[in-house]
Structures are given as C-alpha cells and as structure tokens.
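Each of the two complexes below includes subunit A, the first together with subunit B, the second together with subunit C.
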Partner chain A sequence: MERQIRYQREADLEWAHRFTQHPGCERLLSCIQCGTCSGTCPLSIYMDITPRQVIAMVREGFRDDVLKSKTIWLCASCYACSVECPQKINITDVMYRLKREAIQNNVFPKRFPIPVLAQEFCEMVRRRGRNSEFWMVFRMALRSNPAILLSMMRTGWDLWRTGRLSMRMERIQRVNELQYIPAATKEVD
Partner chain B sequence: MSEQRNGHVRIGVYICHCGANIADTVDVKAVAEYAATLPGVVISREYKYMCSDPGQELIQKDIEEHAINRVVVAACSPTLHENTFRGAAERAGLNPFFVQMVNIREHDSWVHSDREAATVKAKDLVRAAVMRVYFHKPLEKRRVPIHPEVLVVGGGIAGIHAALTVANSGKRVYLVEREPTIGGHMAQYDKTFPTLDCAACILTPKMSAVRAHPNITLWTYSEVVSVDGSVGDYKVVVKRKPRYVHEDLCVGCLQCIETCVYKDSKFDDEFNLGLSKRKPIYIPFAQATPKVVVIDPDACIQLKTGKCKKSCMEACVERGAIDFAQKETYEEIHVGSIIIATGFQTFDPRRMPQYGYGKYPNVYNTLEVERLVNASGPTSGQVITRDGRVPKSVGIVLCVGSRDENTNRWCSRVCCMTSLKLAHLIKEHTGAEVYIFYIDMRAAGKGYEEFYQRVLNEGVHFIRGRVAEITDWALDPSEAGKLVARVEDTNTGFVRRIPLDMVVLAVGLEPQPDAHEVQRMFGISCSLDGFFLEKHPKLAPAPTYTDGIFIAGLCHGPKDIPDTVMQAGYAAAEAIALADTGFFELEPNTAYVVEEECSGCKTCVPLCPYQAVTFNEEKQKAFINEVLCKGCGTCVAACPSGSIKQNLFEDEEIYSEIEGVLAYA
Partner chain C sequence: MEPSAKYLYYPGCSLKGTGIAYEESLLTTFRLLELPIKELPDWNCCGATNYMSVSETSATLLAARNLALARQTGSRDLLAPCNACYLTLRKSQELVAHYPKIAHEVEQFLEQAGLPRLDSVRVRHVLEVLYTDVGVERLRELTVRRLQGVRMASYYGCQAVRPYGEVDDPHEPTRMDQILKAVGVDVVEYNLKTKCCGGALTGTIHDVGVRLNYILLKEAMRQGAQAIVTICPLCQFNLDAYQAEIRKQTGEPIDMPIFYLTQIVGWALGGDVRELGLHRAISGKKLIEQWFTVKKEAETYV
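The block that comes next holds the complex of A and B.
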C-alpha cells in the first residue's frame, strides 16, 4: 500500500509561486474551488483527478502529484471550462503549461498514448517538416500499446483500399530552415 | 506685508510624543528646539500626550498668558484630533482656524525606522506648517437651518421602517413608492429565515401603520422626478402617475374587478411574477396598501381605444371612484433630509444560458418559488411544476449571478439562507429529495447556523459544487423526462449527473436598473458594483457623501431583512438628529469666486462634482453655493484666470507651505 498522506516538505511552494507567473496562469490564485471546470469538462468522465483538483494541487505545490496525473493529458483544449469559470481562469492554458513541465521533467505516464502522440508529432514535423499519418499512428501504437495495431488492422486496410491512408513518408524541402523555429522556442523556454 | 494683514503673528508649536508612538522614532526634543528658532515662533513645547486634557490646557494657557495667536500641533492625523485642538483654541478665545496640524505619526514615525531621517522629516513638516499658519485668516463656520420634514424614497421594508421611525418622533414624512402598493419584495416572500415566521404576518401590520399614521403622507404609484437644493432644504418634485381611480374614494370593495368586461384574467400578474393572471383593473395583492385598485393603461380597452362599455364604472357608480380622465399630477415639497430606500432587482438567469431558464419550463428562480410555496400564491401553496406534476426531486442551484466574474462579482449574501429555507419548505410541502448545490455555505447570523443544522438533519443533500449545466438530455434511462444537473461533487471528488423534476436558481441581487439615474438625481455616488455608496463602510454605513441624504436597505448592497431594518432605523435616527439639531454646520474650507476677476468662461461649472457651481447669466459670473461646496478644489485648480479661491487653501498659504517643506534646515 502506498502512503496517501502528504507532508508539507513535499509541497514545492516556490514552484507553485513561479507557476502563477506563466502566461495564462495568472488568475490561478483566485480559484474558489467551485468545480465548474470539472462539471463542464466533456472528458472529466475519464480523468483520474478533476481539473478542480489539478488547480488545488498546483496552488499547494504538489508538483509531482499533478504532473503524474492523466488529467492534464486528457484535456482536449475545448476551452469550455475557461468560458464558464466564474473566476475567469484560463484552465486550458494551465493544462498546457503542466503538459510542458511534465515532458521537461520526464514524469508523464510513459505508455499513455496522448503524450506519446504529442512527442511523435513534434518529432516528425521537426525532422521532415510534415506529418505522415500512417507512420505517426504506427509509431504511437508501437510505443504505447502495440497490441492495438491488431484491432486497428481492419480499419487501416479499408482506409488504404479507398485511398485514405498513404504509406509515403512525406517531407518538405530545406527542412533545416524550419528547424530554426523549434530551436528558437527552446531557447526562450 | 502679511504682518500688516494678520496683525502681530505669535506662533506656538506643540510636539506630541504620542506615548512612544512618535517619540520612539522622532527626536521630539530636537524638533521642539528647532521649531523655536523659526521666524514668528514664540513658544515651542513637547508633551507626552497633547490630546489629553493637560495637553490641551497647555495650549489654552499659552494663548491666554503669552498671547499666542497661531497654533501648530505636530501629532497624529487631523482626521483624529483636528477638532480637539480647534476646540482648545476656541475655548481660549482664538479663532479655531488659526490651528494647523502636522501629521508626524502616520506620515512619519509609523512609516520610518531611521530615527535621524525621521527627525529631519518632522522638522521639515513643522517648518512647512509654521510658514503656512502665518497666513491663516479667521474663518466662521456657517450654519444652515434644517427643515424638519423628511422624504423617504421607496416603500419596501427599509422605507416603511424608516418612515415609521421618523414619523413616530413627531416629524412629517413623505413616503414615495413607484408601485401601486408599498411592501416591496418582502411582501412577495412566503416565510422568513431562520425563524420561519410568515413574511406577510410581520409586514402587513407595518404597512397598515404607515397608511394610518397621521405624520406620514403616503404617495404610491409616484416617482421623484427632480431634486434641488441642499442639506436642510431640498426641493423635491414628485410625479403622481394616474391610476384612473381616485384614491380617496375607492374603498377596495373590488366590485369593479369582478364586473370588468374581461371575464377571464388574461394579463401577467407582476406580483406573482407571471405565474398567475390578472385583469386590466386589479389590486396587486389582497393586503395591498393603500387598498385601492389600479387600472393598467396598456391592457384596459377604454384607455387603449375608448370603446368599452365601462362596466367597472357602472359597478362603482355610487362612489364614482373610477375616472378615466385622470392625469398625472406633480407635487412639490420641501424637506430637510432624504432617505433613499429604492431596493434591488433579482439577477435575470437568462444571462446564463447553461441553466436553461426560460427554455425549460421547470427551471424557476427563487422569487417564483417563494410565490409557489405561499398559501396565497398562484397555486395556493401547492408546489407543482409548470407541467402540473408534484416534483419528486428538486435541485437548488446557488450563486446564479453571484461570485462570478462573468456576471456579478459580489456575494449576494441572502441566497444561502433563502435556499435553506426553500429546501425546508419544499421538503415539507412535497416530501421530495432536495439537493442544494453550493460553493460555500454562508450562514452567518443569529440563529442561521442552527437553521443550517436543522435542514441538514432533515435529509437535504448538500452537494458542494457549482452546477455546470442543466440539460434535458438523458444519458441513462433513469434520466428520461427529467432535467439533469451536471456538477462536480467536490466533497466526493467526482462529477455527478443528478436527475431533477424541478430546478430552482438562487438568483443574485443587483442594483435597480435605474440606479444610476437615481444616483445622479440625488447627487450621491455608486460603488463599482452599482450599489449606492455609503460615507464610511464601517462608521457611517447609512449617510452618504451628500449631507442630508441617507441610504437604507438593498439599494446600498445585498443584505437580509434584519440588517435592512437596522440600517433603516439608523438612517431614520440620523435624519431625526439632523432635524432636531435644527441647523447644520458647514466647514468653511469652501471655494469662492472673486467676481471682479471672473471672466465668465464657465470652465468651472461642469467640473464641480457636487453641482455647487452655477452661472449667473445676469452678471455673467460664476457663483459657488457654499452649502453644496465640499472644498475639493477642482474649480480652484481649473479656473484659467485664478479668480476662484478657497478658504484654508489660499495661494499664499499653499506656496509658503511648499517653500517651507522644501527649504533646507
């Protein structure tokens, strides 16, 4: 059994303070924990912790707990929570910030398809300047749950047969020029 | 030059230790010694507590024995003790406006830690005051007489209570109400929290008392249209709208309503919020005060087309109270003070479409449910939904239009308790499962927490979470034909879907839609939320910045009935005190126009926030009404020819003060 109680030394208050300085996270401290975000969220049915709890954990500095959660990866950026929030908190932006930090700190759920997909997408665009759907889905499945490929075979076959799925690996010319952009953003971060 | 004008100037400087408050950070001895060297200073002393009796006597003795004619007191803030030291000077026979205070506590010792620098600052401030006080002139406080009559605007519980209190003290009161009856929102409520006594039972005796009181002139269906003048003498014009019925002739037999050509009631009954219908000729509710019918000009056939057989008139032929030719009239009154109790409106939940108010018939607001549970309401107290069912599950959604950056930011204060009360009443009437969706349960008040406990023990479900949406979209067979609230139950930590037969939105309270026009007409201010602004949030919560105008009840901000009554009583006490004093003393720091220099450019006229500056067309000069002037100095600064001056802030006083503070010791 895992210890569920939290000691105050585990709370990184400095991180919490810095977090509220990031763009979009400024109003985090005005959260009144009403749960409108969770109630509005169409994906809350699958979340391990609710968006409201994410905000509470961030505010209290429980960095590892929040970065490990699946919730931040399930956010589909529909912005329903940000629209309804009575304190006008940009919850979607908070989620993005958390995803970033989870990748930087390498604490995200390793075989969870969403961060894998995000990484594969970025990597593919960085390398070739274009996204080739077949290969991306293939690589995502390999890294997260290879067994899923079997169940996807039939759909894949139908798509390929009707010309909806190309196995060509596409790329743009002078991809090295595109690579300046992600490199520059890394520097800023 | 100035010595000639001010006679021989002899200044006394008094430095206060304020116990350790000042003396710990400022070397008071050094300041006193320094002050003694300044020109014009005859005596310079320091003392432990200048504001104490011996401290004041020190000043008085110096004035009498050493012929001191200017006093500088370096102590705390003038808001605290200016009157104390002015009084001391006055008692010794010196004009109180020869006293100048220097704030070396809030402005110096309390905000600095470097003793040496703080002492230098104290010297600078004292020097500035000494140089300023040199030029002070003797001023007289002006007194304006107060008319003893009081106007009360708004006939809700606040206006009723204020009017009765003032009237009981023997003063004449004019009570002006916009609707055909007094009673306000309270008359619509069923029970009152937390004691559950019936609102009508406690309110209607007070309404009758207003009607019967010899000192109260009650004008319903009337509105204030203009206010002129200032404290002590406000000239108010009241428009009396035609109700097409002579108030003095109608006895309230209601025969006319029965015989109206409309056999069925067809028009929305405002008192029941459209949950029932009324005829063009109607009485708002059974205990309406005055008990006089009123004709709705937008519904009455005679008033719309002139082609009705006027059966109402036939029914009233003996008394002849009905008069279709009635026109609006205007009454002009003079009053000494005004109590504004114009009330509030409830938040329109259509502004939050996610709750489906106006879309789903079984979504109600709290005021509608108050009428539903009321025994004299549209359903005679039966809680039945609009589709005719007795609800088996009812959800009450809190903070609808409160605590929300998208609508209103403030907490409306009463909705928690109103919801607890309605939960109790609905459970009592129907036996339904009741869910209260709340963010924070605010039950602060005498007996309120106990009531919360009582409702908890009655088995009402308290779900801590703000409802995200109300839909009629069933995701589960158990939800078919019901409304569903989707909400995070933050106590259990998961999102829930709760099927409901009836949803009650606990709507927030907001300023009346015409609050800003009322505010401008009476010359008072509004806070950011649009409610009227009090003079001081703690110590003067009923007076306003305009002397002689007081506010009471929900026009000042959300509050419950006991708080409303308390504020109304307080406003009444202030109005009575003002009337009994008989006069009002004005600070002489007002601005005045030097007529020879005024070019008549009118720059100052629109700038005055108190409407004190007017333009004399005959002389082509600006004129400042001293009674209205608050001494803000806006016109003084704006006047391009420098022909507006202000007592206590004359140019030479300000310039020498600046010179003094900037000079190097």
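The block that comes next holds the complex of A and C.
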C-alpha cells in the first residue's frame, strides 16, 4: 500500500517561491482554491490531479508528485482556466513551466507520447525551420508507442485521398539563422 | 521590391498540409474581396504549444524571427489564420513587451541572425480582418448566393479568442455568427463554441481527443446544426477526420461537414467549389455535394 499522507520534510518548500519568478507564474500564491480552473478545464476529468490541486501542491512544494503527473501533459493549452480565474493566475503558463521542468529533469511518464511529441517537434523545427506533420507524427509514434500507427492508418488514408497529406520534408531557405536559437532540450530557463 | 501588399500571409505548417483547404479558401476569398495579400517569404514554424513546453526562450525566438521577417517586407499586418499560430505570435509579442530579459534575448538573436529589430507588426486573425476591415454590412452587400435554410454552428475554438487576442470576446464571441448570418446561413445556438477540441490529443492520447470531439459534434447536432464552421486548421481536422470512428464507437449517425469560415464566405461571394477546397472534406460529403454543386444552376444573384 502506498502512503497517502505527505510530510513537510519531503516537500521542496522553496519551490513555490522560485516558481513565482517565472513569466506568467507571478500570481501563483494568490490562489483561493475556488476550483474554477478545474471546472472550466475540458480535460480535468481525465487528469490524475486536477488543476486546482496542481496549484495547491506547487504551493506546498510537492514537486515530484506534480512533475510526474499526467495532468501537466494532458493540458492542451486552451487557456480557458486562465481567462476564467478570478485571481488572474495564468494557469496555462504554470502548466507550461511544469512541463519544461519535467522535461529538463527527465521525470515525465515514460512512453507517454506527449512529451515525446514536444521534443521531436522542437528538434525538427530547430533543424529545418518547419514541421512536416506526417514525419513528426511518424517519429513520435516510433519513439513512444508504434501501435498507434495502426489506428492512424484510416485517418492517413482519408487525408491522402483528399490531398491533405503531404510527405514532403519541409525546410526553410535561410536555415542558418536558426543556429542562434539555443537547443531547446539543453537549455534551462 | 514591389509595393507591399496590405496583408502579409503567415500560413503556418498546417495550412500547407492537412489544412490546405483553409489556404485555398482564404486566398480565394481575399481575391474576391480585392484585398491584396502576399505570403511571408521564408517564414518558419511558430513553435505552437510544443515549443513552449520545452523552452520558453527558444519558443519566443522562433516566433520573433517571423515578426522580424514581416517587418522586412514593409507590411504592417501579419495575417495568421491558424489559431495556434495567432496565439503563439501574439504571446511572444506580449512576453517581449513585459519581460526585459526575454526582450534582450530576442534582440541578441535577431542581431546575430542579421534580422531587423522587432517593430509594430500587428498579428491579425482572418475572423477579425473580415469583421473589422471588411465589415458585416459589406459582406452582406457582396453576397451573390445564399445557402437557403442551411443551419450551422459556429465554432471558434480556444486559442483565437483567449488572453492574447482581439479576435472576439473570450466568453461569448459572436463575430463569426454575425458574418455567417450576413451571408445567408442560419446559425444555431452553440454553447460549446469556445470549448477546446483537444488539439494534438487525437494523435497522442487518442481516445481522450476523440471523446472531446464527439461531445462537440453531438452538441451541435442536438442544437439542430447540419454543419460546423471553424476558423482553425486543427479544429477542422479533429472534427472532420474522426467521425467514422465516432460512428463506430457510439452508433450515432454523425456525418457532418466541417467548414472553414472562408469556405462559406468565399462561396457566398461567388467562389468556385474547387478553388475553395470544398472537395477536400472527409465527412458530410453528401451534404456538401447537395449544397454546393447541385444548386449551381439555381444561383440567385441579389
């Protein structure tokens, strides 16, 4: 059995403070735990911890629990919570910050396709300047769960026959200008 | 350089692939409205939600390159029809404006890359241009044919109307409804008009993504809509591409055309079915044929 109660010594009490230094996360501590974010979120019913709980846990320093959650990856960045929050907390930016911290610390759920997609996407875009939808999805599937390719075959066929599936590897002309963008995976921001 | 076009078109990756019909109908509609539009040369991907999930600074630099390129052309209005591109470009402007550290990084990057500093480029969305620059009344006047008795739901999606934009009211947007009514479409009540379609979730956590779209389609049907009109390539794709799967899963007879606003407006203005990309639909093909091709001889010119 796993213990449900957490002790203060397990918490990273400085975390919340560091957190508020980042763009968009400044108002985190003013949360009144009203739950409007969880209520508006179209994905909260699929999350292991709700957005309201995420804020509470960040504030209390339960860093590992939050970073390992599926919640932060299910957030589709629709900004509904940020628009509705009565305390004007930019919850979407808080989620983005958590995603970045999870990737930098390599603690995201293994074989979970969303962080893999994010990384593949960044690599492709930084090297070529554009995203080629087909190849990006293909690479993501190979790295996370190749079985999903099977379920995508019908959609792929539908897109192909309507002329919406391009297999071209897109690339911008002045790709050299992108070398000044730091490699996203190595950067700590 | 030739006299700069009023609108600089930033396609984003989707409008060159799965959302090609959005590009086709957008360019056709702008031609019919005699609005000069030119593609931003050598544009790069906006970074979408993925880049922001990995690095905020790099995501902002990536978006900034497009804004700098736009400035080079001399046009002030950068048109981003995709909701995700629109939001990302706007957000990066906001970050640069409010955080000196990010502004400094952007400045440094642009200098290294030999690009001009950022200036007052306005990032704009198609819906906002049609509503503000053209206007509902003018669209009504220019309408040459109407989809009589066809009921549609207008679906704005999430990122266009949310915090960084001026596309429409974030709680109760109505501009698309007004435009559709002006060009002769019956618009139904639709309370989920800004509920997120899940974006890339249909490709990653597939069952969750499909479920979100089922809810959107089902509610539109319940309100009596025969079709849904969108302004985002990802919304259009998600709602259009998985209807067969939803039919199989739920047994419900959902087969609904999912349009781009520019397809409906372009058709009302007299655009050609193929030029508007109407043949690229996956779902609701029967209705599309019935509405847009059979009636051709019975066109009424107002």
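In this section, the second predicted complex is superposed on the first by the 181 of 189 C-alpha atoms of A that agree within 3 Å, B and C clash if a C-alpha of one lies under 4 Å from a C-alpha of the other, contacts with A are read in each partner's own complex, and residues count from 1 in each chain.
One rule holds for everything that comes next: contacts are C-beta pairs under 8 Å (C-beta built on N, C-alpha and C of every residue); 3 or more make two chains touch, one makes a residue touch a chain.
Bear in mind the structure is a predicted one, so any value in this text is a computation, not a measurement.
Peer 1: Looking at the superposed three-chain arrangement on subunit A, would you call subunit B and subunit C a clash or a fit?
Peer 2: fit
Peer 1: Which chain, subunit B or subunit C, ends up touching more residues of subunit A in the combined arrangement?
Peer 2: Partner touching more subunit A residues in the overlay: C.
Peer 1: Touching A:Gln33 in the superposition: subunit B (first), subunit C (second), both, neither?
Peer 2: A:Gln33 contacts subunit B only, not subunit C.
Peer 1: Would you sort A:Leu74 into first (subunit B), second (subunit C), both or neither based on which partner it touches?
Peer 2: Only subunit C; A:Leu74 stays clear of subunit B.
Peer 1: Using the superposition on chain A described above, determine whether A:Pro146 touches subunit B (first), subunit C (second), both, or neither.
Peer 2: neither
Peer 1: So, A:Gln87: does it touch subunit B (first), subunit C (second), both, or neither?
Peer 2: After superposition on chain A, A:Gln87 lies in contact with subunit B alone.
Peer 1: Minimum CA distance, subunit B versus subunit C, superposed model, integer angstrom?
Peer 2: The answer for the closest subunit B-subunit C C-alpha pair is 8 Å.
Peer 1: Residues of subunit A that sit at the subunit B interface in one complex and at the subunit C interface in the other, please.
Peer 2: none
Peer 1: Please output the residues of subunit B touching subunit A within their complex, sorted ascending.
Peer 2: 354, 399, 403-406, 439-440, 464-469, 486-490, 493-495
Peer 1: Per the contact definition, I'd like the list of subunit A residues that touch subunit C in the complex.
Peer 2: 22-23, 42-43, 46, 74, 76-80, 82-83, 90, 96-97, 99-100, 103, 113-115, 117-119, 121-122, 125-126, 129-134, 137, 140, 148, 151-152, 154-155, 158-159, 162-166, 170, 172-174, 177-178, 180-185, 187, 189
Peer 1: Please output the residues of subunit C touching subunit A within their complex, sorted ascending.
Peer 2: 13-14, 16-21, 42-45, 47-59, 61-62, 65, 87, 95, 98-99, 102, 109, 112-115, 158-159, 162-163, 170-171, 194-196, 198-201, 203-206, 208, 212, 241-242, 244-245, 279-282
Peer 1: In their complex, what parts of subunit A are in touch with subunit B?
Peer 2: Those residues of subunit A that touch subunit B are 32-41, 44-45, 49-50, 52-53, 84-88.
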